[in-house]
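One chain, chain A, appears in both complexes that follow, with chain B as partner in the first and chain C in the second.
Let's look at the complex of A and B:
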């Protein structure tokens, strides 16, 4: 066992214990680590914004390359801070409406394509030559798909209307199986995180494992 | 007694779970790991690229999902460098840039690959999704600088790779924790530019990504720590994911037992 002499590793180990202490109960050590994390993350984000975008935009684009027109969108963006001045707060609506309009258009322009491929792919051949397993899979897929779609038809009374009622019942099972798989995945991911921390504590910090 | 079983203090369960997971980390059991079809598809798709082709990697994750996604990144970069592929990395998660840089530097030293000519890390950019879309038109305009702040047009590799476009990039792989991530690569890179893509995701996100694998939109998928372990084995570099799989299996086994016990307790207390 070779305990680490790196102060960064020690700090990581101590903060890991502070965070995990929440599993016992809420306490000041957890609170300290939580606030420290929020502060560090915010600082990290702000310096990243400056280093990766604002600084090159000002020093390279505007000053070195002479793209002075880039000052205009910067000034336009700064209008957002007028929301702190009640009499002139209407000026903040201009950049906000630009962002909302641009963002909506951006999403609408690109979002349908993946779903159209998905819809196309939902038309599967029932009988796949030479592959009984795939044939069964495709039939199950179709039954589950139709059942799930029927489950989300809310304009009919599913208890009275059996045409929708039975498939919706199957759909409910399909959804529950899907959620079960998602829950299994969630458990796996959470355990993976804990394994990562234990590998750090037992390996990097205590040197008990390689 | 049955009611007591249902009301065990959760802290005992946490302690039990910690012990169960810690034992195989200290003393590995070597449980077998079988390669899934999805992982093999990823490996074969990247294996089919030619020497000199450009592999684009999205490092869209942070330290919180590093135990699952970093081993995948190591596997990808290793396979790429062994095949003499050029690697360009772009990160839509800010922490991902540093994580990817460390992985690239380590693998670069191991396989004698030089930053700037064999691989480039574009780092993270604010409004990262819009930047991703703009990278498909012109990398130098959209990214401006690499991870170190060096101008894109002064980097030798980037003089050959002008855009995230099929003309320059042969394959894209996104390592993603959530959003921004795989859905953006699906929209802007696969559907809009027709660059073949594949993804490595946390186990939480995997069920949601599977329909895209089935539809052929993703060329295979690496699913959580399990997918990472399989990929490590395919690349013959068993690492933290392979070592973690014993603990993963025992952890799941214990949860299964607890769920069964909880249900027995519930049924028996109802009977009583």
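Let's look at the complex of A and C:
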């Protein structure tokens, strides 16, 4: 066993324990780590925006390359801070309108292509020569897909309308299996993160495992 | 002007994205290169909105000596000190990376790894409901987990195949059904926003016009 002599590893280990202490109950150590985490994460996010986007736009694009039009979005974006001044808060709607409008335009302009490809790929020929297993899979896939789509048709009373009712019933089971698979994947991801923390504590910090 | 101008900006934003993508002229002048940069810079200027909000809330905690105000000081100092350090040193600065590697990364991984305990508890509670849907969900989750973990293959060699089948057929079918529904919803919402029917993003002007 070779305990680390690195301050950083010690700090990381102590903060790991502070956070894990929440599993027992909320306590001042956890609250300290929680507030430190929120502070550092926000500072990290702001630095990222400054260093990756704003600083290059000012120092390189505007000053060096003479792209003076980039001053306009910077000033326009600053209007969002008027939300902190109640009398002028309506000015903050302008950049918000741009984001939502441009984002909506992007959805209309760019989204159809990948989705139409997905829809197209969903309706393949059922029968696959020489592969009864694949044929059965194709049929199950189609039935479950149509069932899921029927489940989300809310303009029809599914209890009275059997044409939608039965497929929607199948769709509900398909959705449960899909959500179960997603749940299993999430559990696996969290457990692997927890194993990573144990490896950090037992390996990097205590040097008990390699 | 307070109501009409944001709607006009929304429409112009959306039209620019569509003209840039769909028209030969837009492609020729590389319109999207400019509008993307405009959108990025407008977005980046909002980088401090969250930090200012946090400063207002936690600054008030400190000013009024509310319970746990010492944690608010930790948050404020961590946030602004880390940001200032990032501005001075840059994203790749030695001290900035040291804090990132030893504080931020460890706290981030521990916070998310802790969720595995709460997910396990949620699974137990779901199982206690004893509905057929909850049982199917948990069986699918268990099969996916056993198929992906080495333990599952040791218990029964076919767990891997079962897990792959669930992911490939029922999971893909149901998730694609949900995705098609979500896409149609997103498409319609985007259209409603550009036509000025949906106005929730403008705040205080009524959610939508029927």
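Note that the second predicted complex is superposed on the first by the 204 of 210 C-alpha atoms of A that agree within 3 Å, B and C clash if a C-alpha of one lies under 4 Å from a C-alpha of the other, contacts with A are read in each partner's own complex, and residues count from 1 in each chain.
The criterion applied here is as follows: a residue touches a chain if its C-beta (ideal position, glycine included) is under 8 Å from a C-beta of that chain, and two chains touch if they have at least 3 such contacts.
Here the structure is a predicted model, which is why all the values come from computation and not from measurement.
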item	value
Chain C versus chain B, contacts on chain A by residue	C
Which superposed partner A:140 touches (first chain B, second chain C, both, neither)	second
Which of chain B and chain C A:128 touches, first, second, both or neither	neither
Touched partner set for A:33, first chain B, second chain C, both or neither	second
Chain B versus chain C as contact partner of A:206, first or second or both or neither	neither
Which of chain B and chain C A:42 touches, first, second, both or neither	second
Touched partner set for A:62, first chain B, second chain C, both or neither	neither
Touched partner set for A:170, first chain B, second chain C, both or neither	neither
Partner chain(s) touched by A:95 [first = chain B, second = chain C, both, neither]	second
Contacts of A:117 with chain B and chain C, given as first, second, both or neither	first
Intersection of chain A interface sets (partners chain B, chain C)	23, 44-45, 48-49, 51-53, 57, 106, 110-111, 118, 178, 181-182, 185-188, 191, 193-194, 196-197
Footprint of chain B on chain A - complex, ascending	23-24, 44-45, 48-49, 51-53, 55-57, 60-61, 106, 110-111, 113-114, 117-118, 120-121, 178, 181-182, 185-189, 191-199, 202, 208-209
Residue numbers on chain A that touch chain C, as the complex places them	7-9, 11-13, 15-16, 19-20, 22-23, 31-54, 57, 69-70, 72-74, 76-78, 80-81, 83-84, 90, 93-112, 115, 118-119, 122, 137, 140-142, 144-149, 151-152, 171-188, 190-191, 193-194, 196-197, 200
Complex contact set, residues of chain B against chain A	11, 14, 17-18, 21-22, 25-26, 64-68, 94-95, 123-126, 130, 133, 144-145, 149, 151, 183, 186-188, 190-192, 202-208, 211-212, 214-217, 223-226, 240, 243-244, 247-248, 251-252, 255
Residue ranges of chain C touching chain A (in the complex, touch as defined)	2, 5-7, 9-18, 20-22, 34-35, 37-52, 54, 56, 68, 71-72, 74-83, 85-87, 90-91, 96, 98-117, 119-120, 123, 133, 136-145, 148-149, 165-181, 183, 186-187, 189-191, 193-194, 201-203
